[in-house]
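Below are structures written as structure tokens.
The following pair of complexes shares a single chain, chain A, combined with chain B in the former and chain C in the latter.
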Partner chain A sequence: MDYTNQKQPQNYSQMEDLKTLDLEESVSETIMRDLRMIAYKLKYVLIPKEQEDNGKELRNWDLWGPLIFCLALAMTLSFKADSTTSSSKSDVFAIIFVLIWVGAFVVTLNAQLLGGKVSFFQSVCLLGYCVFPINIEAIIIAFVGSYLPFVVKLIPVIICFAWSAYSSVGFMASLVPPHKKKLAVYPVFLFYLFLSWFSLIV
Partner chain B sequence: MNSKNEGIEMKPILKQDREEISKYDITKAAHPGICFFHIFFKFCAFFSYLFLGLIISSTLFQYILIMIFHSFDFYTVKNITGKFLVGLRWYSDFTPKGDEIWRFECFDKCKRSKIDSSVFWTFQFGASCAWAFFVFTNVLSFEFVDIIFAGIGASLSWINLWGFYKCSKDQQRKMKGVQSYLTKKGLQMAVQS
Partner chain C sequence: MSSNGSALKGSAPPDLAKQVLVQKLAQQIVNQIVSDDVIDDKIEEEENHNKEPTCCQMFYAPFTLKYYQPFFNDLTTKVIAQKLWASFFPFKATFFEIQDGKADLYGPVWIYATLVFAVAAAGNISGYLATPSNIAFHYNFDFIPTASSLLFGIAFLVPFAIYMVMKMLGGRHLHLTSVICIYAYAQTCIIPVCVVCSIPNPQLQWGALIYAMINSSLFLIVNYWGELEKNIQAKKHIVIWLIAGCQVVLLLLFKMYFFLYVYTNPYTGSRFDQLTKIVHTDHFFLHHHQQH
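Let's turn to the complex of A and B:
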């Protein structure tokens, strides 16, 4: 066991040592450590080159990352929404929020019912982190969308949707038996497709 | 040296006197700042749920603020307040095989006081019951959106309460284990001598 690099975990099997150390941690250290873990997981999930062991790093799940991205997406889309009535803005916020969490729950439930052996929270964590490209796309469209024709707006939408779907499908497909892969992967596509489309038309 | 020792001996006696007068006197707690934040985020969440509509007209900002306060409260109680005020911690871990297990732990070496733990448990339990009450009234009056936010608040509070309750059971079991070990040792020594 390597005890030297304990501030920044490169490998989550070292988390045992870290957990005994944080008895004496101050509040700011706790917060910074959690933020660094979120950034590390984000990089791991979204940059395919770093995925060597196919999901073992995700065992240390956390739901703070998904919450941040969900809030960011909901806020971006509701600020951009039709401002004639204030109720439609808050409706968009509530819809996105409920949609992301209920959608992640349903997709995970589907994977588990198909015989996938994965912890419920790990899968929700993964689906939440893969919402990040849709966040990027929503921000791009919010800033420059009004100046571009519809076809040009489709390009970042398609790129980010493909990025999200590709990142999450790799994990989801490895969880279920091979002959049920498509059944498990299809709701994931639907989920991100709906989110991308929603961010385009709002 | 003598005056220092006297100073250390004096403080616990004073603390016990004051504790009988007021269990919730935060200024005498071992971690007053953390007690304050434990109460502050709960108060903000309740205030924004009940009264923010009177201050800010845009419902969107109300929803955003309520969600932010809920998540701050949950994070603070789980990671910061529980550790400093009552010396307990709960989290999910994974075995080398890859199975997920939940761990509930208590710290032995931790500066605690009765005020800290009474503040922690009272406010956590009180907030959980209050959110549960709001969910109940919203269900009865069919206010769908309010159910979501009160429901999120209630579930986060009850999850924390359940987690720390299981930790405290572990703590009590440890204490009983330590006591029985000490009595065994004492009996052994008495028998040997």
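Let's turn to the complex of A and C:
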């Protein structure tokens, strides 16, 4: 992905020039480049119509996106945590953080053990990006949740949970042999159910 | 080769012929070296297959992924679904037939993970429904780490204890993974029981938990009955009491920690009452009140 308008370096001295240019570009440019990459991957993962090449884009995995969404979810839920729970804010933050990373690790490990041949970080990257809808619902419920009855709160929760699960299930199910598909899909379902339940409760 | 050489010798000048000969010799030498390497590699591979794993390798094998691969390899969705279904009908000893010698670790991991979620959620729901509406309810996040430690702890320790006791009393054809597997499937009945226990009625909760205890103990005992009868005859009561005792302790822990809050004060009316609009007749409570 070449977001800058620079030519590819032809020799060593040009490459050195490029490096100094990278160092000299403004911080906002560097950050925007990374953010654009994350936004591109996000659209690719969550909107199924963008996937024309059957998931090959996922080979360029990165863990920045998952980290940002995980931190955002943990912070949203821990801000609200003080008034409604008996645990402290840091407890809630820690539980969510550990749950997301250990959960992604265990789900990927499960898919690998069931015979799926996928790179470990590729799968963790996908699961992390699919946490984004849960982030949306957590923010919605955090801001307007106290004014809504319980049943109305359930609607965005169910929609976002279905969206997350649907986006990642397609990828996961393609990894394992057909007689084990449901076995690989169920842990993904349980993982997003756990996270949706948290965003509903807090 | 030699005919070519002689043909070339006859037609070309001697220098060129010598060069060609040298080249051919060099090629032969290189081929020989490469094939020697290949043969050496093949011999090494065979030797590695025949060699016993060293002490170090046996020690860190459980930390590699390959060690656990056999327990996930021969699964199909159908077999696992059948095993789960069989765990709800403890009077038929069909578990080992369905399993057919291939113990799996998929069941234990995901049954306990689902149980952690179910217990934490149900415990909080029952607490929420049981508190009166004028008291704010605080969601207890501590249920999750506690439930995880408890369930994943017993997942290994209790089967280990059962395995050791049965082995000491003379049981044969036992494998630790198989005991872990069947113990996990015995706990599946607790998942729907948790859903039922989210209603804060104490009689309902005790009834459901007693059903779970009986179901899981019976499942284990009936499936191990053949083994117990054949190899342990006289002392099988030790194993039976051990299994039943562990289940009783587990379910008491559930009740005392996760489902502790039930109706405390019938007059204020808990949130569950308001949800279901149970009408308390004045006669009943006046009578009840006068007795105290």
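Note that in this section the second predicted complex is superposed on the first by the 166 of 202 C-alpha atoms of A that agree within 3 Å, B and C clash if a C-alpha of one lies under 4 Å from a C-alpha of the other, contacts with A are read in each partner's own complex, and residues count from 1 in each chain.
Quick note on the criterion: contacts are C-beta pairs under 8 Å (C-beta built on N, C-alpha and C of every residue); 3 or more make two chains touch, one makes a residue touch a chain.
Source: prediction; values computed, not measured.
Novice: Now for A:S28: first (chain B), second (chain C), both, or neither, which partner does it touch?
Specialist: neither
Novice: Between chain B (first) and chain C (second), which, if any, makes contact with A:K180: first, second, both or neither?
Specialist: Touch status of A:K180: second partner only.
Novice: Considering only the touch criterion stated at the top, classify A:S146 as touching first (chain B), second (chain C), both, or neither.
Specialist: In the superposed model, A:S146 contacts neither chain B nor chain C.
Novice: Does chain B (first) or chain C (second) touch A:I95, or do both, or does neither?
Specialist: second
Novice: In the superposed arrangement, does A:I201 touch chain B (first), chain C (second), both or neither?
Specialist: Touch partner of A:I201: chain C, not chain B.
Novice: Which residues would you name on chain A as touching chain B in one complex and chain C in the other?
Specialist: 86-87
Novice: Looking at the complex, which residues from chain A come into contact with chain B?
Specialist: Within the complex, chain A touches chain B at residues 15, 19, 23, 27, 30, 34, 56, 59-61, 64, 67, 71, 75, 78, 86-87, 89-90, 93-94, 97-98, 119, 121-122.
Novice: Quick one: in the complex, what on chain C touches chain A?
Specialist: Counting only chain C, the residues touching chain A are 65, 68-69, 71-73, 75-78, 80, 106, 109-110, 113-114, 117, 121, 124, 138-142, 144-145.
Novice: Using the touch rule from the top, collect the residues of chain B that touch chain A in their complex.
Specialist: 34, 57-60, 62-64, 67-68, 71, 75, 79-80, 83, 91-94, 98, 100, 107, 109-110, 145, 148
Novice: Quick one: in the complex, what on chain A touches chain C?
Specialist: 81, 84-87, 91-92, 95, 99, 106, 109-110, 112-115, 179-183, 186-187, 190, 193-194, 197, 201-202
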